[in-house]
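Have a look at the structure below, then the notes.
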Amino acid sequence: MLTEALVLSAILFVIGTFGVLVRRNAIIVFLCIELQVNAVNVSFVALSRYLGIDGQLFVFFVMTVAAAENAVGLAIIISIFRHYQTVDVDNFNLLKW
Amino acid sequence: MTEFHPLLPGLIPLLPLLGFLGNGMLALVAGVRGAAELRAGAGAGKEKLGELAPPPWMRGLPSWIGPGAIGAAFLLTLMNFVGMARSGLEAPAIVRYWDWISTGGIRIEAALQLDQLSMIMMLVITGVGLLIHVFSVGYMREDPGYARYFAYLNLFVFFMLVLVMGASFPLMFVGWEGVGLCSYLLIGFWFEDREKADAGKKAFIVNRIGDFGFLVAIFLLFTSLGAVDYAGVFGAAPELLAYGGSTATAITLFLLIGAAGKSAQIPLYVWLPDAMAGPTPVSALIHAATMVTAGVYLVVRASVLFALAPAGSATVAAIGAATALFAATIALQQYDIKKVLAYSTVSQLGFMFMGVGAGAYVAGVFHLVTHAFFKGLLFLGAGAVIHSMHHALHATHKDWDAQDMRNMGGLRHKMPVTWVTMGIATLAIAGIWPFAGFFSKDEIVWYAGAARTGGYGALFTALWGVALVAAVLTAIYMTRLMVMTFYGSNRTGEREAEHLHEAPLVMTIPLSILAVLSLFGGWLNVPASLQESVFGGFGLLPMSDWLERWLEPVTELAQEIHLSHAGGYATASPLGGGAVLWAGIATGVALVTVGLTFRSVSKRGIRPASESGAPVGVVRGLLYHKWYVDELYDRVFVRPLLGASRIAWRWVDQILIDGSVNAVGSVFKALGWFGSLFQTGQVTTYAFVLTLGALAVLGALLL
Amino acid sequence: MTALLDAVGYDAWALHALVWVPVLGAIAVVLSSEERSKNVAFWCSAGVFVLSLGLWWAFDSAGPLFQLATRTVWIAPWGVSYALGIDGISLMMVLLTTLTLPLAILGSFQYIRERRRAFYALMLLLETAIVGVFVAMDLFLFYVFFELTLIPMYFIVGVWGGERRIYAAVKFFLFTALGSLLMLVGILYLYFRARAGGGAPSFYILDLLGTPLTIAEQLWLFAAFALAFAIKVPIFPLHTWLPDAHVEAPTPGSVVLAAVLLKMGTYGFLRFVLPFFPEAASHPTVVAWMLALGVIGIVYAAWVAAVQPDAKKLVAYSSVAHMGFVVIGTFALTVNGLQGGLMVMLSHGLSTGALFLLIGMLYERRHTRLISDFGGLARVAPLLATAFVVAALTSIGVPGTSGFIGEFLSILGTFERYPVTAVVATSGVIFAAYYMLPMVQRIFFNRLDRAENQRVNDLSGREAVILAPLVALMIILGAYPTPVLSRMEPAVRAIVEYVGSDGEAGALAELARGGAEVRAAAIAPIARARTP
Amino acid sequence: MPEILFYVFAGTAVGGAVGVVLQRNPVGSLLFMVGTLASIAGIFVLLEAQFLAAIQLMVYAGAIMVLFLFVIMLLNLGHDYRADLKRGLGAFLAFAVTGALGGLLVGQLGGVGENPLYEYLPGPGELDRVFAADGIVGAIARPLFTDYVVPFELVGILLLVALIGAVALAKKGG
Amino acid sequence: MTLQLASSANLALVLLPEIVLSVAAMVVLLASVRIQKAEADATDRARSLGGLALAGLLAAAVANGWLHWVSPEGEPGMITLDAFGLFANWVFLLGAALTILVSFPYVARQGLQPGEFYALILLATVGMMIMAGTTNLILLFLALETMSIAAYVLTAFHRGERKSAEAGIKYFILGAFSSAFLLYGIALVWGGAGTVDLREIAATVEAGAGFNGLVLAGMGLLGVGFAFKVGAAPFHMWTPDVYEGAPSPSTAFMAAAVKAASFAAFLRVFTEAFSSLYESWYPVVWWMAALTMVVANLIALTQSNVKRMLAYSSLAHGGYLLVGVASANEIATASILFYLLVYTIMTLGAFGVLMIVSEHGESRFQVEDYAGFGASQPLLGVLFTIFLLSLAGFPGTGGFMGKIFLLQGAAESHLWTLAVILALTTVVSYYYYLRVAWYVWMRPAPAGALAAWAPVSVTAVLMGCAGVLIFLGIFPSGLLNGALTAAHGLWLRGLDAGLSGLVR
């Protein structure tokens, strides 16, 4: 099941990546990043069956990081919404060139 | 015969140099004073231009320092001359002072060489120079730049002495360029006049073209012979240089370029007529008596080299002949008295070149010396005339040209001394027995016809013909000059004529001395054959072949080379007849020419310049416009050079080089701008590029 | 004199003092008042000049090649040492520098009216950097000084310059920096190759000499070094920064730029390019290119100079032409050629420095540099005119002036090996007259027909003091250059022999003769520092 | 059986993921995400990570997604954004690039099974042994406080940072 | 003193600087609450809290210094104690301290929350120090996230500024995105090598025991993550926007310390774990370095906003440092360390002046705003010029020595083309640095220009920075030796792992 899980993980990761590239809503973009992280988690868990319990610990840490990122990320999104009244990332182009 | 010990030879050039320094200081003081007054005047609204009259002491000091330094140098030269004459010097006496340029590769000493040739030159330079200095005291008396004038003139004599006394080619080159520089300064002496300043500049630049050749010749000498001093060069040349070889020919041809530049030979003669813009005594000293003969001196000095290069010698002669004829034709149609003399000088220098080119080095030097006498005299006389004319015109504020002969006429009554002395000089230059020019010119013409150097016999025969024609032309234009100036009725104007006067004593005395020299100067080198013939005045002429014998130590080697390779000279002219016969023919023809010209010019109704237009007729027009050579040069050299310079600046430098440099900058900025376009500010773009980068990285690693 | 120098232990401290006293001077200038700063700067630089005079006697042309040499560890981990020393070439360059700086500073008293302290501090820092360049015996140290000259010059041009000063300053800076940064890579390459050949890491010149390099490497390194120096010289077609920089720079800036800074390029060729890459430097193709560029520079720059409406620009282009003589003299690889090139450098420093000073003086009087705005000035300013004419004549190489010695020798040296090139180069004497005389005429001769020109003042006492030594030296060096030539000769000869032998060991020993004991003494601490 | 379940979960996970990306309504995306997370939790169970599966469901699918939802509601973004999903060239390029990336990764990961590394490693049996010794939670907890104490502490710092950050950014005023 | 690393008590000693800083951060937070209550003036608040933070940094510095005297023994755990880490710590501590020192007026004027601001800086520093000191990829990830999240917050910290928020979200989205790649990389490396310990990875890879495909893919993804963090092209695009939008002190901190930490981690991972794969990864880094130098310098040419120009400049310096990474030898490593320290000082110096010109706000960033600055503030003008010259890598400054050192590293690995690119792009960079200098000195100030306000403390700090730069430009030996020793430590461990053959 290892290969299958890793392939699944890759597919999920790629889908997440694709989502980041095609979505405009910052929250959904962020959600897609979460998808990527979860895809990696699948890899960790799958590998941990062969390489030891460490993988599960990694997933544990990753989840924490994800949670922390979420907190800050959503705070930033709220903060920017205050300025722009939108979360469409294509509108955030005051800074360029 | 005692050994020759040069007597303070260093002092001979040093004295004029000191004179230059003294007069230079005075000139600067005068200049500063004048400038202060000028500024004060400008402030007060008086826009008066020109240097202001200096105080008396500022006139008195230069009058003594200038001629005094030259006089002392002349005396010293005379003493050395006496010493040398009494010693029977064979090898040159070389006095070394210091290492001038001394590197590992070359060693050039600051050394003076006294030998028979330099002695003759020194005598001419200091002697004629002294006379002209004295003359200048009168001539330049009223000029505000009096001290400056004498400073330049002294400096010129210094450099001229270095030129002839230097013991090596580089040292000669110092004098060579130095006299060019002084010539530049003196031609442009009245620098406020744009044309005069231009003339000085032209002289300098054309001279520099010649100097270019001289320099290359020095380099060639150094690389082929390993030496640049006379002793070394002439010692090594016969052994190291093949007779008629390409090296020898190249050296001589490059030397010729130098000589042609300085001695105003085709094609570099154009500066000399313009050089008449300078004060007339300057023309007499520099552009007649001394500097312009430096080319002849150079050829004689390098006679060994020229003897080794028959082609070079033949070229010298050919150019000389061409110049002699060409300049003489132009002189026929000039109205400016100094212009006539200038072209005459060019022509006479052509004669000298013809002589030295034909291997008759002594004849060349001989003509050089006599020419210094009579041409110096002619110029000084012209100066006296101009001086007088100028005063006359100035007195009535008439804006006529003081140098145009059409404005003169009948001056013999007003200026008898000038008339007589100039008459003597005219006869001398026309080649009429027993005046100085007869002997020297005749010798040259004879040798031109007799030379057969290195298979160039036919060429020399042709040159001989040219020389004869040029000699006839000489008589014509000189007679024309005399007639237009001194004969007929005065055309200056009635009121003006009253102000015409003879020159003061300080000017007429030098004229007289030079007249005497023009009369008897020919005795220096009366050929033995002539001495014994009817021309010898029944044995009255002294000093048979004196110059020939005097210069023998210098020219001996060249003559040997010449004789051993080319054989002797022909004893008969190309048309048959010996030297004496042709001397007779020449003087006869000259006399007849003078007479005919006198009559024809006298009859011609001459109108003042303002009333006469340009000469009519193709030939006259062509001659009047000097064959349009200046215009030709302007079209062929000057304008293209300026055009090329402008193209180099505007197109190559500003557009091509600078443009490409700036373009590089712009391209970089444009690239940066282009790059910044990707920086859209869109997060998705960034993420996309990031992903693309990740793909590229993975692709590079995994594929 | 020698006894006096010995008594004060001159040899031991002279070079250090020459390099660092100006820095102290700069500090003093910054601390002084705006008014007095110029005097402080002048006296400091004059003091340095007096100090440097001792070198003339301290240097023994019969002694070892490099003299007064000292060497201490500077950056131990890289084997960089603070090594100073002079040979005859450096000696002359140092003297030229120390002479030029006080004169340039003195010449700036009128011109510089704002931010004087900064200006004079920069001038003194510039002096340090330039002297440093000429006495550095360590490649790294040299590079540092070489680059350091840029900063003061950048600000001198950019802050106190003319209208297009910023453009000129930036162009100057970028152009020269481009070359020197590539040279830096070359320096490091050389350093690594020398180290790869065994031995402690070192940038010491004598250590780097004789580094075995393939011909390809030599050519590449030659290109890297030559580009840097060629830009500095500048060699056609890399000269385009020079007219702009010269014209826009304030007078003292132009003077230093022309008189000394350009020499750093030619000095670099002599000191580094030729000895380090002898095979490349004598490679026929390289020589052909360098000679061709030198000759093109001589003729081309003369032509361009001739049509300049701006007097300063004209003189600037004339510098390019002069440097062409140095280039051909250098790459002819003959003793005469090198000596001539060096003499041209010295003479150019004197004459062009004087010309820039004079044009600056004219500018102060008339606030224009357009030749056509002048005319007849010889009437109102005879002393100025005299000085100008002498400088101009030196510049065009009239015999009797130092200019002639240089041009004569450099062309002669070239002629010995490359006659055709030399003949073309000789035409430069014609073109020199072609551009210089018309300018002289149009400024000083012709009619004094403008009211504003009639009010022009002649030289003041201060200006006369500035010009007098320059004019005197032009004449003295023209009449008696031998003391200078003989001091430079051992160095020149060593270079010629070394390069001529393609870097043969015997010649190397000769070249390194002076440094041997210095090296032995200094290498121990470096080696110690290297091994932990 | 586990294989079938795996494929089922994998299918729902991928389907959910696709839904997340393609669903234009944010709330819809979020719900798809919850589905995906749940499927992943299922896969965790199949891969012997029961504890993580639980956490995944509770913390991730539960708490974090609620946080997202909360923010979406707070910002009143719960309606359909037509333009949210990019189309056209950009989307195509994104698809191509991510597709290629996926292809590369899948190509590498597909060969994992034959890797000798995994032959000498303990394999699935190892986890069973650990679980037997410490229990499912203990197996994770023990190393967490021994070998991984530094990361664990650092996570504390991390959370503190996040806390400070979130407060500093999201609080009103200032 | 000898430390047994096996003992957990000793582990706390090894982590002493980090612990001290964490505690300091919490103290700052608590103090901020008290001070807020006391309703002190904004400047005083910023000063006192910043002072506290500085005290914490000082204490951490003492601890770090003390660690230099300690020699570890036994098998280290996830945290290693080596000269490399300690040297890097100095850079971070210095970066943080300088950031705080130049930020007082800004924080006070812009009404930022000083307690949170300084605490975040300290905590980010903790993350950095662990990044540089860890040999475990997971811990590395956590530390990196700690630092990054703090950085996201610091970027978006200026709540009143639209740009700050925008920069925050850009940074956050892209940062998280790249973290996902990094994390995936860790997973794959772990999958391929069976371990996340750098030395064990190295040993496995060297032995050929792992699964190379996975390791390679993982390494690539790790590389992407690090490249993003260090701002290597083409992963750099966030940098200018974020640096421009972030509050200036945050920008300075990110440009200096965050970048330094990323490089330290990058270096450690790629030299310790992947040296034997050098042949595989060096072309990638080579191209990233070349691309970064070229792109960053070229785009910087067109910038008229000085802050944004400094962002591109920072990218360009990243490119130079990547040359060191690509060289991957002891000298190159030492040069990176040296350069990072110098770079931190000069960047912070430049930002310090920038903040003064922009009046401690987010305005007056245009290069035109610098016209006449030298005339009105000669001292600051000189200091700014020194910073610019150092950034440009001019002799006499530390920047020059750093660049030379980098070039030496490149030379050691025969990366001559890269060295030439470095030299040429440096010339390009001269233009934009000089442009600022010419506005400062050569353009008159426009009428009505405000006099910049420079607190004495900031001026003193900047003077110190400039002094250090000049000192390092003249006497770099001490620091060079330190850097060499530090690099030697890192490489020695590589040698221990049996990788001697790869140290070329």
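Each chain carries a letter (A, B, C, D and E) given by its place in the written order, and its residues are counted from 1.
Just so we're on the same page, contacts are C-beta pairs under 8 Å (C-beta built on N, C-alpha and C of every residue); 3 or more make two chains touch, one makes a residue touch a chain.
All values derive from a computational prediction rather than experimental measurement.
Once subunit A is left out, the chains joined by touching do not break up and remain one piece.
Centroid analysis (C-alpha atoms only) places B farthest from subunit E. A simple rule picks the central chain: find each chain's mean C-alpha point, then take the one closest to the mean of all protein C-alpha atoms, which gives C. Remark: among chain pairs B-D and D-E, D-E carries the greater number of C-beta contacts. Centroid to centroid, with C-alpha atoms defining each point, subunit D and subunit E lie 31 Å apart.
Between the Cα centres of subunit A and subunit D there is a gap of 8 Å. In this assembly, the C-alpha centroid of subunit A lies 97 Å from the C-alpha centroid of subunit B. Here the CA centre of subunit B is 79 Å from the CA centre of subunit E. Counting only residues that touch two or more partner chains, subunit D has 86, 90, 94, 97-98, 101, 104-105, 108-109, 111-112, 118, 121, 148, 151, 155, 158, 161-162, 165, 167, 169. Looking at subunit C, one finds that residues 174 touch two or more other chains. Multi-chain contact residues of subunit E (touching two or more other chains) are listed as 138, 142, 145, 149, 152-153, 156, 159, 168-170, 173, 177, 188, 191, 194, 213, 216-217, 240-241, 302, 431.
Interfaces, counted as pairs of touching chains, are A-B, A-D, A-E, B-C, B-D, B-E, C-E, D-E. Interface residues of subunit D, counted against subunit B in their complex, comprise 86, 90, 93-94, 97-98, 100-101, 104-105, 107-108. Those residues of subunit B whose C-beta lies close enough to touch subunit E in the complex are 665, 668-669, 671-673, 675-676, 678-679, 681, 683, 685-687, 689-690, 692-694, 696-698, 700-702. Those residues of subunit D whose C-beta lies close enough to touch subunit A in the complex are 2-3, 6-7, 10, 13-14, 17-18, 20-21, 26, 29-30, 33, 36-37, 40, 43-44, 46-49, 51-52, 55-56, 59-60, 63-64, 67-68, 71-72, 74-75, 77, 81, 83-86, 90-91, 94-95, 97-99, 101-102, 105-106, 109-113, 118, 121-124, 126-127, 130, 139-140, 143-144, 148, 151, 155, 158-159, 161-163, 165-167, 169-170. For subunit E in complex with subunit D, the touching residues are 8, 11, 15, 22, 25-26, 29, 77-79, 111, 113, 116-117, 119-120, 123-124, 126-127, 130, 134, 136, 138-139, 142-143, 145-146, 149-150, 152-153, 156-157, 159-160, 168, 188, 191-192, 194, 209-211, 213-214, 216-217. Interface residues of subunit A, counted against subunit D in their complex, comprise 1-19, 21-25, 27-28, 30-32, 34-35, 38, 41-42, 45-46, 48-54, 56-57, 59-61, 63-72, 74-79, 81, 87-88.
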